[in-house]
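What follows is a pair of complexes built around chain A, which joins chain B in one and chain C in the other.
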Partner chain A sequence: MKKRTFGAIVLSAVLAASLAGCSGGAMTEITDKETNKTETASGSEEDSKDSIKVGILHSLSGTMAISETSVRDAELLAIKEINVAGGVLGKQLEPVVEDGASDNATFKEKAEKLLLNDKVATVFGCWTSASRKAVLPTFESNNGLLWYPVQYEGMEASKNIFYVGAAPNQQIVPAIEYMNENYGKKVFLLGSDYVFPRTANSIVKKQAEDLGMEVVGEEYTPMGHTDYTTIISKIQDVKPDFVFNTLNGDSNVAFFKQYKDAGLTPDEIQTLSVSIAEEEAAGIGASYLEGHLVAWNYYQTTDTPENKKFVEAYKAEYGEERVTDDPIEAGYDAVYLWAAAVEKAGTTDVDQVREAAGGIEFKAPEGTITIDGENQHMYKPVRIGMVNGEGLIDEVWSTDGPVKPDPYLESYEWAKGLSNVQ
Partner chain B sequence: MKTMKKIKGTTILAAVIFLLLAALPFYMPMFRVSLFGKYMCFAIIALGLDMIWGYTGILSLGHGVYFGLGAYCMAMYLKLEAAGGNLPDFMSWSGLDRLPAAWVPFGNPVFAVAMAVAVPVLLAVIIGYLTFTNKIRGVYFSILSQAMAMIMGTLLIGSQAFTGGSNGLTDFKTIFGQDIHAPVTKIVMFYVTLLVLVLLFALCRFLTGRRVGKVLIAIRDGENRAGFAGYNTANYKVFVYALSAFMAGIAGALYVGQVGIISPAEVGVVPSVEMIIWVAIGGKGTLIGPVLGALAVNSLKTTASENFPELWSYFIGVLFVVVILWLPGGVISLKEIPGKIRAKLRLHREETSSAEEKIPDKTAVRSK
Partner chain C sequence: MELFLMQLFNGISVSSILLMAALGLAVTFGLMGVINMAHGEFLMVGAYTAYIVQKLFIAYLPAGVFDAYCIVAILLSFLVAAVLGFILERLVIRRLYGRAADSLLVTWGISLILQQAARSIFGSPNVGVKAPSFLEKSLRIHGMLSLPYKRIFILILAVFCLFGVYWLMYRTRQGRNIRAVMQNRDMAAALGVNTGRIDSATFAIGSGLAGLAGCALTWIGAIGPTLGTNYIVDTFMTVVVGGAGSLLGSVFGAGFIGIGGTAFEFFTTASIGKVLIFLCVILLLQFRPKGIFAVKNRALED
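Moving on, here comes the complex of A and B:
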């Protein structure tokens, strides 16, 4: 009994000491907020030191890790290159890497940590739309800056996010136009059951109606689904001119293997995938994918001097067997775009960087890309590619030059009603 | 005398934990305080799970469902308030042009909060009644509850136009008219959560100290005997199951306000199993153990992943194995360790001396 009382006294003493000794707690932030409203989470404070902290927020564990770790590698490569070349504003970049763990709430937690705790100047990160949507309120309420490297379904334009991947009019819409012209009017929609495929398909359905196309099937399977025999026999029954494939991850391995096993070839019924890049193609196996189509803005085979340099640098850093692909390239571009905006602004202050970013051009591996100051997406070229026997992708068609981003598809009459925002 | 002492020990521990939590905003930055707000929501779930698993012996692997229902009810209100009379953004790109009828009443905060509690309880009563009166128990119940969590996840993802699909519901602006990102609002939500945690802890403490608690333990240790003694065990089980659903629902509502997002990933099978882990690590059947477990496991998860973003998941995994192997009673049984060591030492001493004396080992028995 005596010991216990003693313990309680010690504990309450510790408690009292910690109460009295600390003044930097959350309670003080209430009053801070009122007296100093202009203070932002990022920027100015870091400018006085000789390095600039930047955040990298991708899934390094969980189901998305396989895709996202490569993007992180590309971002770290760009940071390294910039540091070797003298840094940004004469200061070295110091990456702070966090793991989003393929979980939306964790992404949000880590975004808060990077902005409020580490006070990073900007963050490069996210892959899934779900993770981007999860961190968006954090970036908006703390006036942070996020560079998002993946193509997505559009219908968003936050002033705290720069979208370096394709908007729907830079991937999905031109892809459907291309298929309509070259393969026919009967389309079968197949996707994993989450937001990107469903939203992409609701865009495709409107567009198909406008083009006089016929949607002969629409199927969704849970993430990680591996039995596609029923769906493939449906495809064989309705005989579409092509399959528009938004399956994600492992499901593609099962689908394309069973597609081939069922005796289907791309010559018979072509497929067009928007979530399969070189990295995924390697996992699925070139023998199953050979001859199938994909739509992106960049391929490892893209013929520009910048790309030659980028692929060489990436392989030198991470190994000869590694491949580059669209999101990897976009992650790499994002760092350079931000650095260029900071140089132009002369500070890492978020508002000034945003102001300076509009119109910035970067000679990227995919060709010259330009930041659209209005919606903070990129002008990008669009490319349709065909998977070859080595699992790399050869370009079969491309736009003449960069396409203006249109995340809300406002320039398309048929897309009215898809968004009520803005 | 012995039980008196034991209760005292855990009460002191509980008081210390709650006091430390109450003092948090005075010495930790806002960001950390909010994290603890989240952990406390998990602690509330763990408390409810301890009532059904630790005390009654029902292992539910699907409490994410009740947590999710509470969270989604609250999130619907927050989403409508953020949309400010417009159609929530995800509905329009999912093909809806009008607010679904089921969403309309959730514009009212009182209704939403009431539903966040009522819906989980109602579902738990229905599920509990159907299973417990049909004498579905043990591993069969666990499998059934796990299936529920899977169904819930699939339903939420599949009906994107109504639930936001895999993105879930997020991007809230205000709560009861207050800016949801303002430090004042966050501090208030933190203390509300703490208050709810303390009150529910007291309620569970009260219940387990009464006859109800004894009956629950009797059900755990021998349901047939409890039945033969004249207790309608099914009713007790439905009650305690609904109670834990009630607590998970409240935790869900509090969680959404503080974390600002709820998505199927937070309510499916994996988080449901994680909830069980908090209880197991903390020490089931002790009430304060699971609270401590939820707080400790989640703090550790955050700290480990911040410091070792590449390796933290292995680290946490190893820790779980270590605890399960060497501390089967959970962290709370750590307090028995000094006693055990003392007993071992005494045993050793007596063994060496008893070679000639052969005195019965009284002390070792007593200290057990």
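Moving on, here comes the complex of A and C:
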């Protein structure tokens, strides 16, 4: 290697390798206990007469593992509970766990494996919108069934997906209304640079216009961005009434630590985050987040008898120090909702389950949720919460009851034309 | 004006963080020529060491002495990472000297193993580390111009480390031996320097510096298994732009990327800013392929 170009070659090699590294962490992950179990019990349909195979497809390695492993845990807990109670249609559920490895191509490949090789009755999985969009064609062409546990940007309603997380009108829209009423009209938009924050903010901008609010800043940072001082300077310069935060992953830690360092408090400039739940709060540190607002449908502190039971069971299974949060709860709900639909249909056949699913109610930890048969989203209550000193979230406002899901925001005059935004 | 000064400070602060993170690499890559893709994971090791030290302080010592954890953490994160670096050099790296592509792949493999190990031990969610309370405030000069103590502390720490490395390399017998081995291994060996021992020690020092930087990073960013991947590109860029093998080069590299990057980000957006700084680096390397401060020597180019 000639020395002249050595530096340049090294630099490009490092770049390439580290970009690959984002997804490459993947390959080393050890397969899950459950996977081993099913693989030894050869996967043909004949063998599984007394059991029903269900797929679980989350990132267990790579950058998204931070969030998705807990959702897998909740789904396995629900499966275990259902099995103890006698299973579905008298058969035990047999989870097949696959690792999407935070890589969309891997997600697609594993989805194909689950549907075609394992012939699972349904799949619980995905977190990022990108991974959902990557597996969507696979589920549609093979008529599979995916239960998606995370709030998302809306503008989608596939007949092969049930959306158990919030649609935009069950999180973002009411959150902006709440902030407009309680904090003021100047909003600063901050998000990670990918599909969810950009689509969410295109909704917020339309809504802000309708409410007579002013968007005083809009910033996106690459995933894994570590320095927010410049953006915080911009925030201090334009002095918004609140920051609407759609940052995802590690960036939130850097942002909130540096926000506090800059001497900013929620009393001065409040923030509202839609991707920080109890689990992320623990990683950021309660002292940095105390007093900041978040919007979800469920908190660990949500006061229902079902939630008390759920939190106890989750901690008993996985450890006292673990916390539950919205996507974890949605993953848990998804399994019960599917089981109820199968019981009602009397079969695991996808078309008949889908037919039966509309109108099914489940007394979930967050309160009663109901499947909307038309768009396959859930009726859910909406809650604004404030992070407390222990890193848990206290509810400060909620809707009176479950809100009807409206993924395309058709019931809002200002949202016309938004469905084309992608 | 306030905004300008604030941004200038931000730029300098980002530079100091970069310098801190890149200093270890300036030793292992710059001096030794090992393309160490696991450098980021040494940062991670330091960060987790700080986390463990903090946990122990909370569990076993009275709350009054909590703030002292940062001194213990700084020392221990250096030590733990240095020992790990020493072991790695002995077991793996020493078999790969002079084989750039191989060492790149092997160290990348090591980085994946370390990441997954961290995930198995600490779990994949981020862990929280609280900065000592005397660093939590900021020095409010006027209006929005306020300088966080953490950032000032990291700046001082970076300067301190820089002078430490400078002193070690240019003012001690050990440093002279290191430089001799790096410049002409055979001649140094002929003169009685134990080159194998020097290699291990140098790699350990570089790794230790990374660990120390990792400890400082816990105060401003996320601590998780993927911490290293967030910094690896910027640190390599710092060393390459500055000129491998030159400490002063790394300082200028960090300044160039830190101040330039924040300025671009201020006038455009974070994503575009990143693109612009990469463009500048590519252009710079076109004209100065060995970086700003290329080390001149009389050896024939290989």
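Miscellaneous remarks
Note that in this section the second predicted complex is superposed on the first by the 371 of 422 C-alpha atoms of A that agree within 3 Å, B and C clash if a C-alpha of one lies under 4 Å from a C-alpha of the other, contacts with A are read in each partner's own complex, and residues count from 1 in each chain.
Everything that follows uses one rule, which is that a contact is a pair of C-beta atoms (placed from the backbone, for glycine too) under 8 Å apart; a residue touches a chain by one contact, two chains touch by 3 or more.
None of the values given here were measured: they were computed from a predicted structure.
Contacts of A:Ala105 after superposition: chain B is touched, whereas chain C is not reached. Within the superposed three-chain model, A:Ser233 lies in touch with chain C and out of touch with chain B [touch as defined at top]. Once chain A of one complex is fitted onto chain A of the other, the partner contacts of A:Leu418 are limited to chain B, with no touch recorded for chain C. Contacts of A:Leu136 after superposition: chain B is touched, whereas chain C is not reached. By the touch criterion defined above, A:Ala262 reaches chain C but does not reach chain B. Judged by the touch definition given at the top, the superposed model places A:Lys344 against neither chain B nor chain C.
By the touch criterion defined above, A:Lys80 reaches neither chain B nor chain C. Of the two partner chains, chain B is the only one that A:Arg198 touches; chain C does not reach it.
Look at A:Lys185: by the touch rule set out above, it reaches neither chain B nor chain C.
In the superposition on chain A, the residues of chain A contacting both chain B and chain C are 1, 4, 7-8, 11, 15, 18, 21-22, 24-25, 27, 29, 61, 193, 220, 222. Taken together, the chain C residues at the contact with chain A in this complex read 3, 6-7, 10, 13-14, 17, 29, 35, 37, 100-101, 104, 108, 111-113, 115-116, 119, 123-131, 136-138, 140, 144, 146, 148, 150-151, 219-227, 229-233, 236-237, 240, 244, 262, 265-266, 269-271, 274, 281, 285, 289-291, 301-302. Chain A meets chain C in the complex at residues 1-8, 10-11, 13-15, 17-18, 21-22, 24-25, 27-29, 61-63, 65-67, 69-70, 193, 219-222, 224-227, 229-231, 233-234, 236-237, 249-254, 257-258, 260-263, 279-280, 282-287.
Remark: chain A residues 1, 4, 7-8, 11-12, 15, 18-19, 21-22, 24-27, 29-30, 33, 60-61, 97-99, 101-106, 108-110, 112-113, 116-117, 128-130, 133-134, 136-138, 141-142, 153, 155, 193-195, 198-199, 202, 220, 222, 417-421 touch chain B in the complex.
Chain B makes touch with chain A in their complex at residues 5, 8-9, 12, 16, 19-20, 23-35, 38, 86-87, 89-90, 92-95, 97, 154, 157-158, 160, 164-168, 170-172, 181-184, 186-187, 259-261, 263, 265-266, 302, 305-306, 309-310, 312-313.
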